[in-house]
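One chain, chain A, links the two complexes that follow: it is found with chain B in the first and with chain C in the second.
After this line comes the complex of A and B, so read on.
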């Protein structure tokens, strides 16, 4: 590659990264501004809004609501996704083709439409919307994605592995425990990570279905519309940190899984 | 090696929708024999072996293992084991854990398991250091051995093989074929092997069963199948062969209906008897055909043009075009090469003991 091409490519890369991260960085700046309204350049810095955010009972409530929704969605998506993926990718059954198409359909729905549809549906059933109905709404959209992620993993391993285990005397449960489970586990963990992130950051579905409760993204939007203060970007940054922490936890879990499976074979002696 | 059959199949059929994969199969497998089922892809051999180990259910028929009916028994309750085409080694387990897997399922204690795994590594010429290796660190040939060790750890009544050698390169395959035959002799177990490669079958097996469209075409020892195939299909499947359409004549001999075959003697023996007007196929292997010189004679003779000569290493193959345009194959050992040139007119001949008549079924 010529020198000029290298420079051009490097520049292009820098611009792309800037384009992706500048907005997030600017939120960071906004959160540490002392002024009530965001103006560049920032004249005086302050971190007091972080303190306020952490102390605020409103923010704590938001955090609890968002975490409850996201964690529930994560756990249920992992379980539903695991069995869904088995049906999707591993077993031959009569309506498999139909199932494969239907399960993915919710992903293609615009989320606002899906949210509206679910709200109407909850009303028709006489269910009062709250954060619990938001869990259901998130699941409609997120569990197909989790299923798909695990199904990709399920497709990538040889069906003969399960047959061989069975042939050597393993019961259905033992095959699941010894072969299918361990092989799908990395897929289940990444599906869980995605489920959490998608639920944690979701706005349109929550907006329609949380009723009187509110999640972090909803609150951020509401405060943007009226009542802005640097508390808004501070909470936004805290929310990003939660995602990053979770991502790290996920990476560590994956790393432990790998290390353990390697260690178990070394310790078998 | 005749003994009571260890496995007996009676009228085993398998239907997938409209398609009949297996059509009323009967088969006796004898204790301690090495039986190879050979057939082209789609002949039903894989379906058959999957039914025999219990992974696939049959549509109709009975299977006995010694005195017990087993066709309804699921795979995990049958005392048989299969080496899969993909080998199906567990990628998340070490070589040792793979080999010990069937023993772990039987809750054998870890020390005994380890001892048995070491024994099996030894039997399959794998160093003890392999015990801790990951599967992805093993080469193709090593994986074959691990898969075999795992199957032997199970200690099955019958060991099934679903063309496990097909993915290997030629030389390694040849070595493993011989090792497998050796292992069969040392363990004394019943081996049932399926493959589409006849050569593989010839090297290893006591008996060969040729399969076609869900039925057995012929079941016999290798030599019998090679020298006396029951059909054109079997003859052609068993390597290079010359086949001629012939008919019985009033004088009690044969006459070629396509290639002009001259028959020297009126009396060819009972093996070549054919009623007048009845057609059949006359077979001769390329290595049994001679180039005739001067006024040499043979029981069967064909004239033609030497079209091509191919060096096959230890042997040389010749293509001869008969007057009607059909091609004949002749094979000679390298040291017995034919002295003629391509383009020469040649006379080919063979005697009745090398000829075989395939009668219409």
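After this line comes the complex of A and C, so read on.
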């Protein structure tokens, strides 16, 4: 490929990234505008809306709810995703093909409709929706994604390792604990990270399933459609900021895991 | 060994199978039953009639369905054209920069979709980032770019960009360079290489990408509400209204069932055409 074509493609890539980040930049500017009614260009900057957002007890409640949902979703997704990925990629069992398709199907479904269907189902069971039911709703979409992420890892490991352990007399449980678990661990951590972040930012699945509780994205949406509130941009940026911090922590944890496993394999040699 | 795989396979599938049974299959069954209940009941213990479906075909709900699928179709086509060059660059040309783009795109997925769409409202509205600065710097002005059909399609293109991009990258990455080189040596033009080599060989990625963006766009609601105002009522919006303001669960369920049947059959059709072991693990089984 010619040099000029390469440069053109590179520029196109930069443009695409600008396109993806432009709205977030706008929200960032809006969050530091002093005026109550926003107009660009911004004349005076202030951080007072951040202070107001952090002080507000509503926002604190929203944070607690969003966090509780995301943490539970993360833990459950990691566990079911770990086993699901083995069934997806590793073991040759009779219904594997059907199972793979069943895992993929919820990802294609409209999330708001999934949420409404769950609301009806909870109603039929006599369960009153709260943030706990939202956990179930998030799992429909997020646990299959976690499974897929771990499955990619499961595809890349050599089944002979497990067979060797078994031939030497290890029980199924020991093989899981000593061979399969450590091999899949990096996949499980990144699946957990994805699960948390996707749950943290999810809106359509929460919309109908949280009952009287409310998550951050839900509250933001309610404020957006009911007219402009100067708190929306600052709370939005705070929520994005939380994701970024978590993402960084996750990446560092992954680095440490990789460094340690490399060190231990070097020692073994 | 074989028998052990059978048993452990089934056991490992059980936990997520349970989750999906409780949170996916059972609710689908419930709305299927609700959709044949008489109007405005809140319990499943009624004699079924099919009045909701009759209502859908006589009350103009088809129009919302057509809008949703029309805009989904338009955004999928635009996405394919927009994403192809970038996906090609990421799969074949860029090296470190490709990884950078991947990370940059994935990070946007972690920002709540409403915040990003709200950002477009702030960018495109009158007095927003674009119009405001244009007016301040040049004195030119326009009425903002919001509240019309093209901006909804634009929002869909924006929101589902990663869902087209990544499958395309995966698809194009599986096209062997030798095949492109051989075609070029035999005198194929650029267009011919694209049409005869790239396109057919990256078909699995194209199918998954188009399918994902189409079905997600067809079921989307936030784009039309936040960017489109009340210009067009999409089907997901009709469903929400039926459940909330309308207090008509059977009608909402019937609308959901129609949407789900279309989306579900398209998805199953697409998923069946793709070898998952090959796409995800690089193995033929």
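The working rule: the second predicted complex is superposed on the first by the 250 of 269 C-alpha atoms of A that agree within 3 Å, B and C clash if a C-alpha of one lies under 4 Å from a C-alpha of the other, contacts with A are read in each partner's own complex, and residues count from 1 in each chain.
Keep in mind that, in the parts below, contacts are C-beta pairs under 8 Å (C-beta built on N, C-alpha and C of every residue); 3 or more make two chains touch, one makes a residue touch a chain.
Keep in mind the model is a prediction, meaning the values are calculated, not measured.
Undergrad: Of the partners chain B and chain C, which touch A:78 in the superposed model: first, second, both, neither?
TA: A:78 contacts neither chain B nor chain C.
Undergrad: Between chain B (first) and chain C (second), which does A:9 come into contact with in this model arrangement: first, second, both, or neither?
TA: second
Undergrad: Name the chain, either chain B or chain C, that contacts more residues of chain A.
TA: Between chain B and chain C, C touches the greater number of residues in chain A.
Undergrad: For A:179, select first, second, both or neither according to whether it touches chain B, chain C, the two together, or no partner.
TA: The answer is first: A:179 touches chain B but not chain C.
Undergrad: In the overlaid three-chain picture, which partner chain does A:191 touch, first (chain B) or second (chain C), both, or neither?
TA: In the superposition, A:191 contacts neither chain B nor chain C.
Undergrad: Could you say whether A:53 touches chain B, chain C, both of them, or neither, answering first, second, both or neither?
TA: A:53 contacts neither chain B nor chain C.
Undergrad: State whether A:163 touches chain B only (first), chain C only (second), both chains, or neither.
TA: After superposition on chain A, A:163 lies in contact with both partners, chain B and chain C.
Undergrad: Using the superposition on A, tell me which residues of chain A are in contact with chain B and, in the other complex, with chain C.
TA: Residues 163 of chain A touch both chain B and chain C.
Undergrad: Which of the residues in chain C end up touching chain A in this complex?
TA: Result: residues 1-2, 4-6, 8-20, 22-24, 26-28, 30-31, 34, 42, 44, 85-86, 88-90, 93-94, 97, 101, 104-105, 107-123, 127-133, 136, 158, 161, 211-212, 215-216, 218-222, 225-226, 236, 239-240, 243, 249, 252-253, 256, 259-260, 263-264, 267-268, 271-272, 276-277, 280-283 of chain C touch chain A.
Undergrad: Would you pull the chain A residues touching chain B in the complex into a rising list?
TA: 157-158, 160-161, 163-171, 174, 178-179, 182-183, 261-262, 264-266, 268-269
Undergrad: Spell out the residues on chain B that touch chain A in their complex, using ranges where they run on.
TA: 53-55, 74-78, 80-82, 84-86, 88, 90-94, 96-97, 101-102, 105-106, 110, 114, 131-132, 134, 150, 154
Undergrad: Per the contact definition, I'd like the list of chain A residues that touch chain C in the complex.
TA: 1, 6, 9-10, 12-13, 16-17, 19-27, 29-30, 38-41, 76, 79-81, 83-84, 86-87, 89, 91-96, 99-114, 116-121, 123-124, 136-137, 139-140, 143-144, 147-148, 151-152, 155-156, 163, 172, 197-198, 200-204, 208, 216-217, 220-221, 224-225, 232-233, 236, 239-240, 243-244, 247
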